[in-house]
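Labels run A, B, C, D and E following the written order; every chain starts at residue 1.
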Amino acid sequence: MEKFITTTNLTRLAEELAANHRVLAPVATGCTVTFRRFQPGMTLDLHSRMAAVSAKAGTFPQTETLFLVKRDTTEKKPELIETLPQGKNVVIGGRPCDARGKLMFDPVYGTEKIKDLYFLQRRENTIFITLACDRPETTCFCHSVGSGPADPTGSDILLTLVGDGYVARAMTPAGEDILKLSLFTEAGDKGKEADAKNAKAREMMGQPHDYSSAPATILARFDDMDFWQAQAAKCISCGACTYMCPTCYCFNITDDDLGLNSQRIRTWDNCMSHTFTLEGSGHNPRSTKAHRLKNRVGHKFSYYPDLHQGVMACCGCGRCIKQCPVGIDIRQIVKAAQEYSE
Amino acid sequence: MRIGVFICHCGSNIAGTVDCPSVAATALTYPDVVFSTDTMYACSEPGQDAIIQAVKEKNLDGVVVASCTPRMHEQTFRRAVERAGLNRYMFEMANIREHVSWIGKTKDLNTNKAAELVRMAVEKLRRNRPLFAKRFETVKRVLVIGGGVAGIQAALDCADGGQEVVLVEREQSIGGKMAKLDKTFPTVDCSSCVLGPKMVDIAQHPNITLYTCSEVESVGGYVGNFQVTIRKKATYVDWSKCTGCGLCVEKCPSRKHPDTFNEGLCTAPSINIPFPQAIPKKAAINAASCIMLTKGKCGVCAKVCPVKCIDFEQKDELVTVDVGAVVVATGYDLFDWHKYPQYGEGRYKDVITSMQYERLLSASGPTGGHIKRPSDGKEPKNVVFIQCVGSRDRSVNRPYCSGFCCMYTAKQAILTKDHVPDSQSFVFYMDIRSPGKMYDEFTRRAMEEYGAQYVRGRVSMIYPQDDKLIVRGADTLAGTQVEVPADLVVLAVGAESARGAVQLGEKLRVAPDQYGFFVESHPKLKPVETNTAGVFLAGACQGPKDIPASVGQGSAAASKVLGLLSKKELESDPAVSRVNPGRCVGCGKCVQTCPFGAIKMIEDRFGNPKAEVIDTVCQGCGICTVTCPQGAIQLEHFTDNQILAEVNALCPPKMFANFE
Amino acid sequence: MPAQDVRELRIVGFLCNWCSYGGADTAGVGRFSQPTDLRIIRVPCSGRIDPLFIVRALLNGADGVLVSGCHPRDCHYAEGNFYARRRLELLKRFLPVTGFDARRFEYTWVSASEGQRWQHVVTEFTRRIHELGPAPNFNPASEMDWNALALHAAQGQTCPCHG
Amino acid sequence: MSQLDTLKSAIKDRLGELECVIGWEQGYDPLHATPLFIRTEADLDRLIIGPLAVHNLATYLTAYKGKKIGVVVKGCDSRSVIELLNENLISRDDLVIFGLCCDGVVSQRKIRAALPADPGFVEAVDISANGLKITVAGQTAMLNMTDILADKCRTCQHPNALISDVLIGENRQSASSTSLACQEEFEAKSDAEKFAFWQETMSRCIRCYACRNACPMCVCRDYCIATSRDPLWVSQDNSPAENFMFQMIHVSHLAGRCTECGECERACPVDIPLMLLRRFMNKQVQDVFEHQAGTDLEQTPPLLTFKVEEERINERGW
Amino acid sequence: MHNIAYYPGCSGQGTSTEYDRSTRAICQALDIALTDVEDWSCCGSSPAHTVNHVLSAALSARNLAQVEAMGMTRVATPCPSCLSNLRTATHKMKDPDFQSKANALLDTPYRNTVDVQSVLQVLAEHVDPEYIKSKVVNPLTGIKIACYYGCIMNRPPALMQFDHHENPMAMDNLMAAIGAEVVPFPLKVECCGASFGIPRGDIVHKLSGKLLDAGRRLGADCFVTACPLCQMNLDLRQGQINDALHENFKIPIFYYTQLLGYALGLDRAELGFEKLCVDPRRALGKIKQPAQTR
């Protein structure tokens, strides 16, 4: 299904959806743009810049309460309260790389044996209305990891900016249901225009880089700590790259005392941190930042694709490059491994 | 963890305004609390037995008692839980008496507050862990600082008790203020006749090492193991040779500097022995006035000395001794009366201090015991004594009573009559304070037998008229102004803390009060102890007191020292800081801030710098814990997590997940 | 546990064991009646008080935080309150930029003998906190509050140009 | 010889005795620089300096304990080096300092605000004395240096490295202004406004700790109490209060030590103006202790010492 | 050159015109420019301060506000009583509540920016004694002087903040500077009994008599004083004192300004010796005539 929606109506769509959905959309606050719980009265900010953090929180919030323990003052036995995510969610204005990120979670959190109910429930109940990109940034490389600026994978609706509105294409039945709303009009010729725009955007990205040799070449460097130390020299071990990343799915679980009650929460964790693999004994198998950077790059471009049919655990959004305080470029590291010669 | 909670009624002290059974019931809902009850007197023997019984029966591994202040009974209950087989640190107290029942009026608010204080204690206890004291040996030697009568008594008692004693005195001779006195009240017996033999005992006692002209330079270590450095100031006389013959004193051509022993009433030679009974009886050179030392020529003393003990090259010398305990007996100084403009600020020569008067009365004084007034050497007929000069006066920041001035003034009035039978004494006083054995009788005698005229009132001015001084004051009993023509005015100057007391206190970690007197551990029950273990107080350094009280305190301090050093080993408080080497990054900030030098840097087996606490030196203040950004050094029993647990118990954090 | 009702606000006290805790005891022994809001946490020395304890209490929703130690020069540990004075003064001066009302935090010195002074300090500080009323929650208490905050931010709040 | 060439030749002279020399090179696009670890003379060719060389390389120094390295520092960066030396966290003997006289660096945030399109679309950058000529998404804009200068440079009192083995370039004048309008405006707001401001900014904080790890003075590194259970100061819960608690820890641990290099704020991926807190704290430190961290080799951080009489602390009367 | 506002006070217009005149004369001679407070009025010292503190302060404040209006920050008065009241007002008005109460009574509010000093303080603290010495033409060699300050010139010390409150030396130093022999007069700040002047003459006689007696014992040829009331009690009432105490004092009581003017060689007419009750000629006669200089 293909429809058209004006810019004004897109805002109205967001407002209407907000009545019975948890809507996440890029909103400008201060001088940044982040995904926020959208409410009537807010302004969508789809174009000024790509949201600083990916839309990952739509399906994998930074803090997920796993359960609560309530200790009543009259009853002796503590009560356990289940907190599985309720309700339906919509992510409006993510980019194709945002929509695609959750696909890398699926083979980990939704296997035959292991089902992460919290993730799966959100995954099931979240609609992605995605905006195709019309121009690549210097840090974009989605086309090199099997995607592209108008890749509809993972989206329910893909929007392409045409004139004063968007051509909207439904990719799933849930998306079609939304396109049936009266805010949408027929797209007419605008569909062709959209195709042309999308093609142009793809063309601007140029030749993709070939990562097919990456899994093997990175693995070949596994014991070469000199290589990784050189790559990691400027890394400051912060978590900006992993927390920006649409595909990073690691978490930590902690308990909090809240007075007489307590909560168990799951929060984003990041493999660049010393504590990530710190063992109870005090031993740390990844004791230096070189070990940890090796793991991050290796995981995304070698170990994960080895396990999951060659799919890179990377959407090519480039946020980790752009937001790195010291400008580490993951593309350069992979390339260095690929081109490595003794 | 299995916690038991005991809510004490303290008779009606707590139960009067706190619903104790209700607090006990509420406590039962707290995490890990498996037993909770209220009890009439937790600290009584049956109360303690009940706790012990509950620990055993309910298999408790932690106890909370909500009762009075932990400053009162924490030790009591710690011992009780220890008897029950728990570690003494698996115990917490909630203060629901001093901080709740005695200050709050409203019962439901009090009850709620008590319950919350119990909850805080429970949350802290949940994070406590057993701590174990370390044992260590003590050095069997004691340092006594100050050789006045209190220090002399403490030193002799300790030495007689079998301990080695190091006695340090700042002046050239021991004896202190008492050595300057002519007679003592209320017996009017000769001061030096009483004190002299004790001074000789000091010199001759095999257990006592005496350092005069010496001061304590630094003190390190802790109870049982102090390291003390003593600065022996240069006397320019080799005391191992000096026989005290006095030839040098006789021949010294420089005799212009004020004689401090005689309170500046006369001058003294630059090489001197302060008084005939001085211990040690050795000569010393005053470097500031000695011609040789100031101008580089003279050396008469060196020439006349039969044993050639003069050494102009002598330097200060540092001596280090290890001691197990310290007695501080640094005494007092006299108030500087020049702050009072109404007494002429020094313009009138015949206004003198009571201590100067003592020297005039003394047979060994500058006038050979004849009262001669300083201006013209005439014998005074009318002598006016003014009391409370620098005592009980907020305007000069001396609101306290010096205690002994009433008595010595009465004594001096009596002695005045003895010396000059046709004299008349007048005493301006505020109140007569004579609460001692035979004291009030003594002041009565001064008035009734010796005819001293007591005028109750303050003196507003002294002015000269012809060769007299007119003393004008109020007679508050007669309600008039009076003017007394005086030949001599004696100011009963009060006591103030000895100069340097504050600095010495810093070295010893003994806090001075706002007037510089050292603070005892408890004003009634621990009068000679200080808050620093192993350091005791004797005499007027703790507050003004007279000779009998000073001697009594000297003996008291000695008995404390003997008790302490009679133990073979002491236990250290385990509530000290501890470094988690896994978190320590070796930055050394804790070392920098520790006031006790209790943290040292070591290297771990990989060569990384790490901090390490010396258990016995650490006093448990926790400055380091706040200094350490990584939280690597934690004060046991007051860890971050323990205090945060208390904070969180009072104000639970609000997270995303809210409980409505 | 919330303060029982509006008669009480949540005031946390940090007192050193040797002086101020003793001062509070002295006030109790003297039956100097005081408002009941204050809950006292006993620490060995004001030098043990990490300013972050105070921040933690404020962020957790304390309406007031009162710190008291030995008078300068009177520290049982000789120097603890000198360090504390620097730390606490800096916190006191810093609070305004965070938007926490600096009047909600106070530090002072009370000796073990100053029971009356302690009564005065507690009474005055409690009065001040009641005048200020309950403190705002940094974490909004309900979802509605969260939304209002987000909306306010998205609509009006400007970020000072920085970088 | 240009400043860069002088620097290169100075580094070349010392490179033999050093594990590496830390400088800057061009990063992933012409608008960004990135730290460069020079180990060989060949690496030297990539060295750049200038307005894009924003990173404070002192951040890396503590990791090289026991090894002798070189570092290139701007005036502001040199304060961090001094502070690290004063705290005995690095050893002067193991350090060769190449000091620059600095004309100021850019704020990428200000560039972003000034450009007609997102800087992600940058195509070319031409750096001149006056500013940057930037081509972005097909449009070219000339940005004056005065408009895109980082905040810290606007009030910079130490443009020339305060400590160095080799000082390169000619001494620059310090900035005439010592106050920032944005800071003053913020401080003038009411408590309620400031409170709401931090609630909002903290609600977008993602606790990535870029601010912490970019900070040259955050030397706890792997042992920060924000991520420990013992002690447990902060929950991992990503709520504003917990996020702010972390920021308070950062400010508190930097009190009297912060050299105001601005790395925390620069590193923040969600643009939280953290320097509002730092500058205010530093001002208090200056007021109470007359202390400016990292400006003098003999300093003791004010919270690691005390005076018996604090002239500038009024005892609080009751 | 000092430029100071000048508040003459009511005594200077009546009982002590010679004080006012001599003050102006010496100031002029010593390069101190006095500008009279415009439209000055009562300082509030007489009846007001015993009845109403606010009114008393307001009366002072009115004059001080006048000084502010003149754009000046320092005012000097010869009279200790005026000085006391003006300074008291200044002190009390540091309290904002009190200030608003007092200012409510005034047309022009007083902002409390004026420092009030006595003329003696100006001479003592702002004029170099060497400069005065250099101006002396008739050194007072040979005369013995007792300096009497009175009870309120220096007290209470916290308020007056001038010289020593029990043993002031400002006049002593000044008199010594112009060559006189100053006796160590111990009763410098004693009460002369002025406040009992009308109802209890006997007290005045006793107190003032004691002062005269102490001066005579020290061999003083004369007194100098800085207070119109003291001067009046000791001078005008000397006869009454003699009658009451059966004494025969003949001690002239000068204002210090008169003798200063004499030493500076000012016009006798400006100094007003003729106003004194006790004949000063014998005392003045003690002054050794300067050696003739060519």
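As a convention for this text, a residue touches a chain if its C-beta (ideal position, glycine included) is under 8 Å from a C-beta of that chain, and two chains touch if they have at least 3 such contacts.
Computed from a predicted structure; not experimentally measured.
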| item | value |
| --- | --- |
| Third chains touching both chain E and chain C | B |
| Path length in steps (a step moves to a chain that is touched) from chain D to chain E | 2 |
| Chain whose mean Cα position lies farthest from chain E | A |
| Closest chain to global C-alpha mean, per-chain Cα centroids | C |
| Of A-C and A-B, whichever chain pair has more C-beta contact pairs | A-B |
| Intercentroid distance (Cα basis), chain E paired with chain A, Å | 91 |
| Between chain D and chain C, distance of the C-alpha-averaged centres to the nearest whole Å | 33 |
| Inter-chain centre distance, chain B versus chain E - centres from mean C-alpha coordinates, in Å | 52 |
| Chain D, residues touching no fewer than two other chains | 109, 113, 200-201, 221, 223, 228, 233, 235, 237-239, 241, 266, 271, 273, 303 |
| Per-residue overlap in chain C, given as positions that touch at least 2 other chains | 1, 56, 59-60, 73, 79, 83, 87, 137, 139, 150, 153, 157, 159, 161-162 |
| Sequence positions of chain B contacting 2 or more other chains | 593, 627, 640, 644, 648-649, 652-657 |
| Interchain contacts, given as pairs of chains that touch | A-B, A-C, A-D, B-C, B-D, B-E, C-D |
| Interfacial residue positions of chain B with respect to chain C in the complex | 69-72, 95, 97-100, 102-106, 108-110, 112-113, 116-117, 119-120, 502, 506, 509, 511-514, 519, 531, 575, 593, 595-596, 619-623, 625-627, 635, 638, 640, 643-644, 646-656, 658 |
| Chain A partner contacts - residues on chain D that touch it in the complex | 20, 27-29, 32-35, 37, 55, 59-60, 109, 112-113, 118, 120-122, 137, 200-201, 204, 206-210, 212-214, 221-223, 227-229, 235-239, 263, 266-267, 269-273 |
| Sites on chain C touched by chain B in the complex | 1, 4, 7-8, 10, 12, 17-18, 21-22, 24-25, 27-29, 31-36, 39-45, 47-50, 53, 56-57, 59-62, 70-71, 73-80, 83, 87, 119, 137, 139, 141-142 |
| Residues on chain A engaged by chain D in the complex (per definition of touch) | 29-32, 34, 36, 48-50, 52-53, 62-63, 135, 137-140, 230, 233-234, 236-240, 242-244, 252, 254, 256, 263, 265, 267-268, 270, 273-275, 321-323, 325-329, 331-332 |
| Contacting residues of chain C [partner chain A, same complex] | 1, 146-147, 150-151, 153-155, 157-159, 161-162 |
